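These are the structures, in structure tokens.
One chain, subunit A, appears in both complexes that follow, with subunit B as partner in the first and subunit C in the second.
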Partner chain A sequence: MNPLLAQFLAEANDLLAQVDEGLLQLERVPGDPELVNEVFRAAHTFKGSSGLFDFPELTRLTHAAEDLLDAVRGGRLTLDSGMTDDLLAAFDLIRGWLAHVTTHERLPASAGTDAAGLITKLRAPLGGEAAPAAARTAGVPAPVIDVAPDWLAWLDAEWLTETAAWLATTSSTLRFVWYTPDTDCFFRAEDPLHLVRQVPALEKLGVVQPEAWPAPEDYDEYTCMLSFVVVTRAAMGELNHLFRYVPDQIEIVELDSDAITRHLSGEPPLRAEEAVSVVVTAVIDSEVSADARAVLQAAHRALTLEGAVAEGARLRSVRHAVAAAAWALGVPVDVAESSPDELIATVVRLAGEAAPAPVAPIPAQLQTQAVAPHEEKEPVGRADDPGGQVGTRVLKVDQEKVDRLMELVGELNVAKNGLTFLADAAEEEFGSRVLSRRIKDQYAGLHRIAEELQAAVMDVRMLPLSVAFGRFPRLVRDLSRRLGKTIELVTEGEDTMADKDVIEALGDPLVHLVRNSLDHGIETSDERIAAGKHAAAKLTLAAVADGDAVIVEVSDDGRGVDPERVKRKAYEKGLISEEELETLTETEAVDLVFRPGFSTADQVSDLSGRGVGMDAVRASVEKLGGTVTMRSKFGHGTSTRLRLPLSMAVTQVMVFSVGGQRFGIPVDLVVETVRVPAGEMSRVLHQEVVMMRGEVVPVIDLARALDMPSTLAEGADRPILVVSVNNQRVGLLVEQFHREVDVILKPMEGLLAYADEFSGTALLGDGLVLLVLNMKEVLGLAARVA
Partner chain B sequence: MTSDTATRARVLVVDDAATVRLYHSSLLTGAGFEVSEAANGLEAVEAALVTDFDLFVVDVNMPKMNGYACVEALRSENVGSAAPVVMISTEDRPGDADRAYLAGANLYLVKPVNGDRLVRVATMLTAEVAA
Partner chain C sequence: MPLELHDETANLVGVVTVDEVEQLAGWLRAAKRPKVSLRRCNHLHTGALQALLLFRPKISSAPNDAFLAAQVLPLLTGSSGPANKQGSDPP
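Right, the complex of A and B next:
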């Protein structure tokens, strides 16, 4: 894709998001002039950029939206929800088109018909205003149809006939480019083939060979002897941009069906060498003088307009412009000291002289040499001022590049960890404690730098929570309308930062929670009023940083969860025993909604509650290494709290071995490590347990659960790793503890993707692959083995 | 334009749309100008305070400081730039051009501007003949 289009697509994304957000805010604060202005400007900027490309429907639709917004901005219209719907629909359609443009570099074929209805709708509220606004044609000038040049003969006639027939069915045109690279272009690092391949929306590409190739002995492979014929739907702006470095080697014509047909019927073409060059020069002459006259006209207006102030820098700039225009017209004047009145006289005189026969302009190169440079023009400070950068810049970087950087940091960490093994080897294998210490010192330095680098890269990956919250104003608006509920959405702490992976992964659980709230939690306005509440419900999305974690809370002031009903339901579904029905506390009862197979809504609605419910939320949050809890006060509301690690990129794992092989588990889960004398282990039913500070902790023999040989001697102390899973303490009997390491956890892929008992793998410094256990699954496994 | 660096004219392209900026600046760079960019009027004025530009190409509708206010500021005593200003806008309602001339612009063009024309006008206005 050419860089101009890529830039447009990237920018469009931001602008459309601004429009959407602004429109939604406007519904809450109708008529806020600042907001209207913001939305208008985003739409306006978008339209301006779209005009650079051959996307007429896009420009037309945006233009209609912009006119509507302009009327709102000018106070001629008041934005109502119908108009907002139409505007949102228009920008949704545009978003869809841009997705198509991203892959195909053109609008979908249906764009015209899709847009027509919306344009009519958008224009409707404008009433009489529609006509003049539409007549402005969005600043897209009608194309100038050229005469078919003789090089068109290089294209095959059959294809041209078909193309002409196709063009006749539309009002569009094609751009034909004739590109003859300089024979020594290779020595200027030009790559003609690469250049023509970059032409967007390419319809046809022809390579033209020289009429006669030189004899083999004279043949120089470093001489470019080819020409290219390129046929494209790309707009002139794009082509000018693409060929900007070789303007003298190309010729572009714009042809419609008629022009091609005339060429096919044998209309005498313009001879490239003679006629065209003459015509082109003539055209340039008249164009330059037209430009010069435009500048003179502007100067005249600037001097004579009511309220014009012609002094100081303004007057000097007008003198400058007049002198430049006069020079271009071939009638130099000296206006350096002219008063405004003298200037007006000069302009009038020049305009009169310029009108009839324009004198050939002096080429630009000569202009600078012909006149002695102005001494004044070389002020101090100019030479040492770099001039390039203006203001602060934000660099937009492809996500993949950042991911790659993160991977490299991970590899650096692995290589760094290798040094500690080397230090051990130096001491143990080569008996050099000094060398070992020096390696360790080196390691310490490298470790510090690697940590800083890692922190810096992680910082780049941080995004504000507003990215995750951004979709909700729209979602809540649409859903609440459908449900006939009035809901005010409040977001707090959008500036809280978290790793982009966390933000991305947060999306689905949040959508689920919000939908649940809207669907089940929040009552209709009538119900609310009957319950003595405010008719409008409040839904809050809040984020707050908490050490290495971020807490996101979705809360509503709806009807809350009825613990009795939940318990009864869980019992009916066989999720809890009769005994639990009696003994479960209120908090435990609320937690039941996270059990697989539980759905509180008696009626499955079309929004949420299709059997996959809160259990899916809990599962996906736990997969991220987070936790989810729900608090509810029956009749007053529900609040669901997600606690997630700020970053998923680096995980701290505790390494231990079982059956001679090393495994890891996330440090977050580890409560403590203890060595228990063999005699203190006891047994309750079939379960091994150990008493710790008066609490009975079940102990699982990992070797057995993982089906590995147990290597512990009969009477030896038992190394036990105490972990906390779902607020339950469990002891894991292992063979030996090792150190904690920071690793980049890679998910299980390929054949191992279904090995649920592992949450991922990590590469250790000595080249060993560490399997990291998924504690929940391992406990399930242990239960099955026992 | 001559390719000699010492005499290359400096242009400041001012537009809030990054796509339009890229379009204008690549056209002008290709024609041998030394191009800087600014994303709004305020940035443009700040840039003009440290660099003597030979030409400004200014959009009208921009956040923070719009094109008219930007040109007014360029012509004010504080900045005092007498370099030619070409304003480029999507608006072509009657009176828009006059507003630009009152602010101190020397030419008003309507978007999208033909690439050749922009280069021609820039070349004309930066020729070292003017007062």
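Right, the complex of A and C next:
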């Protein structure tokens, strides 16, 4: 793919997200000028860069959106939700197009028709003023003969007269183009003159200069101040194609001799057009010249009326009138001695010149129109302006490259860990204590660097939680509209950072939770008012960093979970026994919603309630090494708390051995390691237990659970690893404790995928493969074995 | 190089792009009685044309390019008369 296009697509993503977010915020805080500006700028940038590629539909659609936003920005319109819907729809359509572009490098064939409807909708609040231009370019045939526009005045009258005559003789027409480039068009690599010179069969070119040039020292050579009047024999289609990227900056009319003559004679156009932007200076000028023209017409009538003014006083008065008119028009003539015939010739000549010719080089109004948008806009950074950099320089890097870097860091860690084995070997095998020490020193240095490198790479992978939260404003808005509930979404702690894998993996569980809240948790406005709550429900997404973990909480002030109902449902579905139905506490009852197959929803909606919700959430969070807990107060709301490790790339594991083989267990789970004299072990029912600080801790013989030979001697101290699983303490009887190591956990794949007892494998420094236990499954296994 | 700038004279050669606009405007600003030859110029960027229109240097020789000669030159030489086609070519 063209690198420029690839870059555009990458940026487009960001811009679209920005627009989406801005629009939603704007709906909440209508008229916030800062927000409007932000959205407008994003749309504007989007349109600008889309012009680089041959996607005219894209440019036109974004242009329509931009116009609407511009009107909002200018305070001419207030944004209502209908407009927001249209704008969102427009940008959604664009997102779809871009997905197509990503694979096919062109817009879908239906783009033109899809866009047309939206463009009309977007233009509608603007009074459809720009619609004709869009419609014309969209292929609707233009009326054959337009009304001569005011800007025809920029062409010199003599040429127009000749042309009109020729057109009358040949009964043909000419196309007139009025092209006012944007003042900042040079920044978009547009060269209006170049565009103009490409116009085929160019008949006449008029360059309109500003009324007053700025002083040379104030002159900004990058502001386009010129406008062009182009007269051509080229067909409408050719012109539309040529100017397809600047449809907003041009006006094309097709004129025949009548239209031009009418313009020349200063008669009002036959069809009253809403050409409100009548050139101001021309008006002032034409007041005088219109009088003059009237006088001349009267004189002409008088003179051509046979015999009416042949002689004497009548002739003198006509002469006088003509002279005065001529003077008013700025072309004094000496008619004192003219005969009636000469006088007629003079009048005809004067009438030609009396066509409203521009006196000042550019109409004041057009000038301000052209300059004003420029002033409103943010100062455009020049390509060569070194001070234009805003914020820090951001390097966009492919994710895969960062992943690769992370992998290499992992390899480095493994290689580094190999040094400690080498140090041991130096001492034990080669008997050199000194060498062992030096290797350990080297190891310490290498370790520090590797740690820092790892931290740096992790930092690169860190993303703010706002990435995960980003899609929710839209989701909540759409769903709440569909459900007819009023919901205010509050996000807190979006700038909390977490590893990108965590952020990505967080997406689906969060969507589940939010949907659940919207669908089941939050009541309708009527119910809320009846319950004495505020009509608008509050849904909070909050994130906080908690040491090595990040806590994400989804809470609402809805109806909460009814523990009795949950228990009853769970019992009905056979998830709990009758005793449990009686004995479960409220907290435990709430936790039932995480059981597979549980659903309290009486009806399955298309949002949630298919019974695959909460247990899927818990499963996917636990897969990430996190936990989910739910607290709920019936009638007052629910809050679900996800606790996830900040990073999943590197796991700290505690290594121990069982039956002569080494295993690992995530350090997070380890509470303590103890050696218990064999005599202190006791049995309760069939379960071995140990008393620790007044607490009975069940002990599981891992060797038995994993079906491995037990190598512990009778009567020797029992090494016990105390872990905490689901807030319960469990002791694991192992053979020997080893060190803690940082490993990169590789999931069990392929032939080993069925082995749920292990959460993954890791390579140790001495080349050994370490199996890391999945404690939950191991406990289940132990229960089955016993 | 599309711009050959001397003290009081300049040659515009080939296609004058937007990149040359700033330099040209700077030269026009500084020169007391600028003279510009368009003889070998094939195209002027709008920005360059605009600068020429603002500073109105004397056009010492007409462009060979048909479009420039027919449509652009009359603007630069003004309505005062026909283009000075006999102008000498600066070295």
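Simple rule for what comes next: the second predicted complex is superposed on the first by the 524 of 786 C-alpha atoms of A that agree within 3 Å, B and C clash if a C-alpha of one lies under 4 Å from a C-alpha of the other, contacts with A are read in each partner's own complex, and residues count from 1 in each chain.
The rule is simple: a residue touches a chain if its C-beta (ideal position, glycine included) is under 8 Å from a C-beta of that chain, and two chains touch if they have at least 3 such contacts.
Quick caveat: nothing in here was measured; it's all calculated off a predicted structure.
For A:Pro192, is the partner it touches subunit B (first), subunit C (second), both, or none of the two (neither)?
The second partner, subunit C, only.
Could you look at A:Tyr219 and tell me whether it touches subunit B, subunit C, both or neither (first, second, both, neither)?
second
Considering only touches as defined above, state whether A:Thr113 meets subunit B (first), subunit C (second), both or neither.
neither
Would you check which partner chain A:Gln209 touches, where first means subunit B only, second means subunit C only, and both and neither mean what they say?
The answer is second: A:Gln209 touches subunit C but not subunit B.
Tell me the contact category for A:Gln7 with respect to subunit B and subunit C: first, second, both or neither.
In the superposition, A:Gln7 contacts subunit B only.
Where does A:Pro181 make contact in the superposed view: on subunit B (first), on subunit C (second), on both, or on neither?
Touch partner of A:Pro181: subunit C, not subunit B.
Of subunit B and subunit C, which one touches more residues of subunit A?
Of the two chains, more subunit A residues are contacted by B.
If you look only at subunit B, which of its residues touch subunit A in the complex?
1-2, 7, 10, 12, 16-20, 22-23, 26-27, 29-31, 34, 36-39, 43-44, 46-47, 50-52, 59, 61, 63, 74-77, 79-85, 90, 92, 97-98, 101-102, 104-108, 110-112, 114-117, 120-121, 123-131
Provide the residue numbers of subunit C that touch subunit A in the complex, in ascending order.
Counting only subunit C, the residues touching subunit A are 17-18, 21-22, 24-25, 28-29, 43-47, 49-51, 53-55, 67, 71-72, 75.
For subunit A, which residues are in contact with subunit C within the complex?
Checking each residue of subunit A against subunit C gives 181, 186, 189, 191-194, 197, 202, 205, 207, 209, 213, 216-217, 219, 221-222, 224-226, 384.
State the interface residues of subunit A toward subunit B in the complex, per the touch definition above.
Contact set of subunit A toward subunit B: 3-4, 7-8, 10-11, 41, 44-49, 51-52, 136, 139-141, 236-237, 240-241, 244-245, 247, 287-288, 291-292, 294-295, 298-299, 301-302, 305, 307-308, 312-314, 316-325, 327-328, 332, 334-336, 364-365, 367-369, 371, 373-374, 377, 379, 381-382, 385, 387-391.
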